[in-house]
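For reference, chains read A, B, C, D and E in written order, and residue numbers begin at 1 within each chain.
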């Protein structure tokens, strides 16, 4: 998975029928400190993530291995909300 | 999925038989304001998107999880037409 | 799919048995004008493409969704020969 | 697979149910000498890897081909702990 | 597939059980002349490739479509040893 920060939302009324009911969030890849540092993807939310939270998202066919996204045309899914990132024994990010 | 802007079309008469009948659109990755900012892909259209529209497209095996693209050799599919992009509480793109 | 230009061929006598009989072409990603602009891949040919032609190729598991490549260890397949590329209402490439 | 160095851990209490019980490690791509040189991913651990070890990790659907990760939404898995890297006849990395 | 040059080997005694018996080679992406030009991957060998040889390797789920790698957690497999690379009518690489 990839570390990302939820930065926004996307609304789309005209869409593939099987996307109906999914929450679509804008997520930017982030560094160990939780600062956005990379490109953005639009991910389905499987865990109730909110704007500003640091999350883990999976890409590719792995993004469909949840009850929420199974058989849906989703290639990125938020799988977890990060509590703590520890690098070489030091805490780098802690959820407030 | 990835935010993209539909910028053109591709016509190909000599092709894999299972591509017959699919509409193939040129899509460039775009930023939160809907401005093209990245490389281009050729995507199948599952939602009736038009030139100039900001869309969401899926890549990889997820691109085949629609009735239009199932079992076809398609690796990018336009899944939704974007109405609104909101980043950190601010509207960044609104469909006209 | 990705726009590419066929630039060469690869010959390999010692290979996985299931690659036998496939034509392997060197394809470089190209821009809207058909000029090579990116990196090269070795793709199986499903449509009889020739050197110098602008083509569409699919990557990943989608590359195996043809009768020619099914169940074979192929990750890039040429799916179509491009006749016309039109960007924002202007013709950018026409097959001669 | 990709050469990587385990640099840290990620803790997430709110997550997809099927991630329960998996150990999630931060892995940075590394060079032939075992020095981190690239971007980081969060990988499931299938072999009991520890911080500072050089490992091999698989990405995509291949990451789910283990008994630990089967059918789980995992797109990167640590598959081996590296003992030795030899390049052009010279030893470049040896596990201590 | 991708053109690569075999540059080394990786030894790992502690690993996923299903990797047992696979030969793991370091492969760097190479240009049309067979010169290493890109990043390195660790690939399973399906054809008996040796150090210094120019090969074709497949990535992703395609890497598992061989009898050697089927159902194993492998995301890169060497599928062929290159004899000849010809670009725009000129021979660029010939196996010695």
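By our rule, contacts are C-beta pairs under 8 Å (C-beta built on N, C-alpha and C of every residue); 3 or more make two chains touch, one makes a residue touch a chain.
This one's a predicted model, so the numbers in the text were calculated from it and none came from an experiment.
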- Item | Where subunit D and subunit E overlap in contact partners, by chain label | none
- Item | Centre-of-Cα separation between subunit B and subunit A, whole angstrom | 20
- Message: Just the number, please: Cα centre separation of subunit A and subunit E in whole Å.
- Response: 33
- Message: Touching at least two other chains at once: which residues of subunit D meet that condition?
- Response: 60-61, 63
- Can the chain contact pattern be summarised as a line, a ring, a star, a complete graph, or none of these (other)? ring
- Check: ring from subunit C, direction subunit E, yields C, E, D, A, B
- Of all residues in subunit B, those that touch subunit C in their complex: 7-16, 18-19, 24, 26, 40-43, 51, 60-61, 63-64, 71-76
- Item | Sites on subunit B touched by subunit A in the complex | 1-3, 32, 46-48, 56, 58-66, 77, 79-89, 92
